[in-house]
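The two complexes that follow have subunit A in common; it is paired with subunit B in the first and with subunit C in the second.
Showing the complex of A and B:
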C-alpha cells in the first residue's frame, strides 16, 4: 500500500465569469516512481476530466509542465511524489497569463522576451547554404551549450521576486540568453549593443540577486554565475562609456 | 498598463548602471566603516583610556568632524539608492510578502530582512549619529553615561543586531550580485557571513555590557 496523497489544486477558468478562483482537493494513492505528471494524469482520468494542466515530453525537456509545487516552481514530470510530503499543493506559475487551472501561457511571454533581447545570432555575413559550417573551439561550443540547455519553462521567472513585483523585468532566462550570445563568436553585437539591451533596471541592474532562479532551475543552469558575470561586464561597459563620453566632449 | 508590443524603447543613458555602482560602492564603504566602528568602540574593553586615545586621535585629525558628516551623507545616499528596489507600493509589498512566504527560500528572506532592517537603521542610525556628532568629543565616560541611563541601552540593544544583520547580509549579497561569490562558494560564504554577523553582535554585546559596568 502506497501513501495516501492529498492534492490541493488551484482551479479557475478566466473565460468563465461565473467562476471564482479556488482550490479542489483530490486523494490519490502513491505508486512506485510516481511523478506529479503521472499523479495529475490519474486525477484527470479517474476523478476530474476537466482539470487543466500542460505537458508534452514527460522527460524534463519541453518545459511545458512547470507549476508551483508546495510553493516552489518546478517541472511536474521531473518531480517525484516521494520527495514531497503527503499534502501537495499545486498552483499555476505566477507572472504568466493563466489559461485555466494549472495551465499558463508561457509562449506569449517568451516570444516577447526573445524579441526584446534579440535572441538570435546577429551577423552581417550572408548565409551560404553550400559552405561548411564555421568552426569554433570545442571549449567555446561547450560553454555555449551549457547555457543553451534552457527549456524556457518559466520557473526562474516565477521564482523571481523582482519579476513578480515588476512586470517589465526581463528575468534570468533573458539574461542567460544574452550571456549565451555574448559567448558566441558568430554574433557580431558589440558590448555596447548588449549594454543597450540589458544595461538597464529592466535588465541586469534590476536583478536583486535573490538567486531563487538559480535554486529552482530544473536544468540546473549556472544562473548565479552568469548574472554575476553580466553585471560586472555591463558595469564596466558603463564605466568605459563614461570616460569615452568625456573624451569626445 | 501592460501593452504587448514589438517596439522596445531602450534607455541608453547607462544611468541604471551608475546608480547600481554607487549603491554597491556606498554599501561596501558603509560595511567597512561599520566593521571599523565596532572595532574602535570595542576598544573600551581594553580600558577607557584606549577608547579615549583613539577618539582623541580621530578628533585631533578632524576625521570625526569631517568623516562623521560624510558617513552620514553616504548613509542617506545609500538609502536612496537601495530604495529604488524596495517595494513601497502596497500591491508590490503584498506580492513580495506572499512570494516570500510560499517560496521557502532563504536568499529571498535575506533581502526582506535587509529591507526591514534598513527602515529601522535609517531612523535609529540617524538619531545615533546626530546625538554623537553634536556632542563631540567622544569619550568612554560619556558613552557609558548614555548606556547607563537606560533609554540608550534599549536603543543600542535594538540597533546593534539590526546593523549587524544588514551589514552581514549586505556583504554576502554584494558578493553574489557582482559575481565575486561563485556558485561553488555560495554555501560556504553564507556560513561565513552568519558567523561574522554573530561575532560582531557578540563583540557589540560585550561592549554594551562594558559600558554598563564602567564607573564614570
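Showing the complex of A and C:
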C-alpha cells in the first residue's frame, strides 16, 4: 500500500461565471515512481475531468508544466511524489495570465519577450546555399548551447521578486537570452545595441540579486553568473557611453 | 463567429510547420500558424540525437555524399519509400543544415587532433584534420554507412526549434497558440481553411486561407506505450480522414524505438548506441552481435526492436514490475562524454529513474515512436484529394521513410521538407486567386458546434472518454505491435470496431465550459479510433513483412505483390477504412534488394525467392 497523498489544488475557470477562485482537495494513493504528471492525469481521469493543467513532453524537455509545488516553482513532470510530503499544494505560476486552474498563458508572455530582446541572429549577411558553412570553435558552440538549453518554462520569472512586483521587468530568461546572443559570433549587434535593450531599470539594473531564478531553474542554467557578467558589462558600457557623450559635447 | 483570413494557414507550429511559414512569409505572404501549445513546446523539441545530412566534414564521414545517404535511406525504408522524394531530400539536407547554422543553431563542431570513440563497447581512435576544424561535425547512427548525424549535444531538436521560432519572431509570423483545428473547410474539391477551437476559451473560430498546411506531427498516442508527447494524438491525420477524400498513406507503418525507458516510456536517444553504447540482457551480456554480426546495435530501428523482443521472448529479458526489459549500457563512454554529449539522457535517467548512467545500466524496451504514415502528398507536399491542402513533417506521408525511418532522418525531414514544400506553397500562392464561400465555412462551424453540444449534453450516450481511449490503446499495444499475425489483427479490427461504436456515444461528465480538457479528447476520440482502425486493417491486409511491419504468418518481403503503398480513406457511415493502393515509387534508382541487415527472405518482383 502506497502513501495516501492529499492534493490541494487551485481552481478557477475564468470562462465559468458561476465559479470563484478556490482550492479543491483530492486524495490519491501513491504508486511506485509516481510523478506529478502521473498524479494529475489520474486525478483528471478518475476524479475531475474538468481539471486544467499543461503537460506536453512529460520528460522535462518542453517546459509546459511549470507550476508552484508546495510553494516552489518547478516542472511538474519531473517532480517525483516521493520527494514531497503527504500534503501537496499546487498553484498556478504567478505573473502569467491564468487560463484555468493550473494552466497559465506562457505563450503570449514569451512571444513578447522574444520580440523585445530581438531573440534572433542580427546580421547584414545573407545565406549562400552554395557555400561551406562558416567555422566556429566547438568550445564556443558548447558555451552557446549551455545557455540555449533554456526551455522558457517561466519558473525563473515566477520566482523573481522584481518580476512579481513590476510587470515591465524582463526577467532572468530574457537576460540569459541576451547573454546567449552576446556569445554568438554570428550576431552582429554591438554592446551598445545590447545596452539599449537591457541596460535599463526594466533590464539588468532592475535585478535585485535575490537569485531565486537560479535556485528554481529546472535546467540548472548558470543564471547567477550570467546576471553578474551582464551587470558588469552593461555597467562598463554605461560608463563608456557617458565618457563618449562628454567627448562629443 | 470570428472569421480570420490569411494567405497561408499552417496547422501546427513545430519545425516543419514553421519552416514552411518562414518560406512563405519571406516571400511576402501573410501567414498564420495554429498550435495547440506555445510553438516552442512542440514535440520537435524532444528530438535528441540529431539530423542527417551528408556534409562529409568529419573524418568518419570521409567519402559521404547525398548518394550514400540516398542508399541508406532507401535500404532503411525496406524499399517502401518514394525514391524521387528520397533523392530530393538527400540533395537538400546539407543546404538545410547550413541554413540552420546561418540562422543560429549551435551545431557541435570538429575539433582537430586525436580522440577516442567507442563502437560495440570497444575503444577506437580517430584523428580529425586541422583544415577541417570548426566545420559542423557528425555522430554515428543506426543504418548509416557514414557518420552523418549533425547534432548539438543531445538537444538537437530543441536548438533547431528555438532557431526556427526565432526566425518566425523575426519575420513577425503570427502564431495563434492554444488553438486546435477541428475540421477542414472544403467543398470536395478545394480546401479553404479550418474551423478551430480556442483552447483558452473553448470558442470556435473560422480561418479562411488560400493554402492550408497540416504539420501536426505523429499519432503515437493511439498506443499505450509511446515515446510521443501527450499532444501527438493524430489531430492532422484525423482532419484528413474526416474529409472522406484525403488518404492516409501506409497507416500500418509504425515505428518502435529500441530504447524507451521503463516504466515511463521516455525516449533515450539512438545517439547512445551511435556513440558506442551497447544492449545487454538479463545476464549482462551483449546479444545483438549474435543476431546482426555486421551492424549489431546499429542495425535499423525496426531490426533492433524485433531482435530485442525476440530475445525477451526467449526468456532473456530482465523481470520487473512493469514487464520484461533489457539494459542499455553507456557506462564505458565515461563521465565527460555523458555529461556533455548525452546531457538530456543523463538528466532523464537521474530525474525519472533515479539512476546515474555513468555508473548504472538503463532499463529499456522497444516503445512506439514514429508514424512513417500520414497525409499522403506528392513530392511537392500537396495532399492527394483536395486543392490548396498541403502537409509536411511527421504528419505527412511524403514518403521519405517507407516502412522504416532511419534515426536522424525525421528531424532532417522537418526542415528539408519544410524548405521544399515551402517553396512549392509559395509557387502555388503566386498564381492563385481564391474565392471563399462563407456559407460553406459557417456550415462547417455549425456542424462542429452541434457536435460539441451533443457531447456536452450526453445526447448520444454517456461513454467515458478516458475508458474508451484506454481500451483502444490496449488493443493497439496487444495486437498491432512489433510482431503481428492474421488472427490477432483480425481480433484487433473486430474489437476496435466495437470501441469505435462506443466512441460515437461519448458524453461528458464535466460541464464542458471553457477550455475543458475532457471535451478536447471527446472531440477527437472518434477520429483516433478511425486512425487506429486504418493501422490495424492496413496491417491485416498487407500479407508480407516489410520494415517495421513484421507478420509472423507472412515472414517474407513480397516485392512481387506488395511493392505498393496503402492509401486509406474513411467514407461517411462506414465502420472500416477503404483501402486503395499505388506503386511505392515511379523510379527505382536503387532496385529492390538485400538491406544488409535483418532477416532477408524476399519474393522478388519476378517471383523468385531469395534468401533464407
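Keep this in mind: the second predicted complex is superposed on the first by the 249 of 249 C-alpha atoms of A that agree within 3 Å, B and C clash if a C-alpha of one lies under 4 Å from a C-alpha of the other, contacts with A are read in each partner's own complex, and residues count from 1 in each chain.
Here, contacts are C-beta pairs under 8 Å (C-beta built on N, C-alpha and C of every residue); 3 or more make two chains touch, one makes a residue touch a chain.
Computed from a predicted model, the values in this text were never measured in an experiment.
When both complexes are overlaid on subunit A, subunit B and subunit C end up sitting side by side without clashing. In the superposition on chain A, contact of A:27 is made with neither subunit B nor subunit C. When the two complexes are overlaid on their common chain A, residue A:16 makes contact with subunit C while staying clear of subunit B. When the two structures are aligned on the shared chain, A:68 is found in touch with subunit B, with no touch to subunit C.
In the superposition on chain A, A:222 makes contact with subunit B only, not with subunit C. When the two complexes are overlaid on their common chain A, residue A:115 makes contact with subunit B and with subunit C alike. After overlaying the two complexes on the shared chain, residue contacts for A:141 are found with subunit C alone; subunit B is out of touch. Once the two structures are superposed, subunit B and subunit C can be ranked by residues of subunit A touched, with C on top. Of the two partner chains, neither subunit B nor subunit C is touched by A:188. When the two complexes are overlaid on their common chain A, residue A:83 makes contact with neither subunit B nor subunit C. Superposition on the common chain places the nearest Cα atoms of subunit B and subunit C 10 Å from each other. For the contact definition in use here, the residues of subunit A common to its subunit B contact set and its subunit C contact set are 108, 115.
Interface residues of subunit A, counted against subunit B in their complex, comprise 68, 71-72, 94, 108, 112, 115-116, 159, 161-162, 164-167, 195-197, 199-201, 203, 205-212, 214-215, 222, 224-225, 227-229, 231-232, 234-235, 237-239, 241-242. Against subunit A, in their complex, subunit B makes its touches with residues 2, 4, 6, 8, 10-12, 14, 16-21, 84-85, 87, 92, 95-96, 99-105, 107-108, 110-111, 173, 176-183, 186. Across the complex, subunit A meets subunit C through its residues 13-16, 32-33, 35, 44-45, 48-52, 54-64, 78, 80, 99-100, 103, 105-108, 110-111, 114-115, 118-121, 125, 127, 129, 131-138, 141-142, 144-145, 148-149, 151-152, 184, 186-187. Partner subunit A is touched in their complex by these residues of subunit C: 37-43, 45-46, 95, 97-99, 101-104, 106-111, 133-137, 152-153, 155, 158-159, 162, 165-167, 169-170, 175, 177-178, 200-202, 229-231, 263-264, 266-267, 321, 340, 343-344, 347-348, 351-354, 465-466, 508-511, 513-518.
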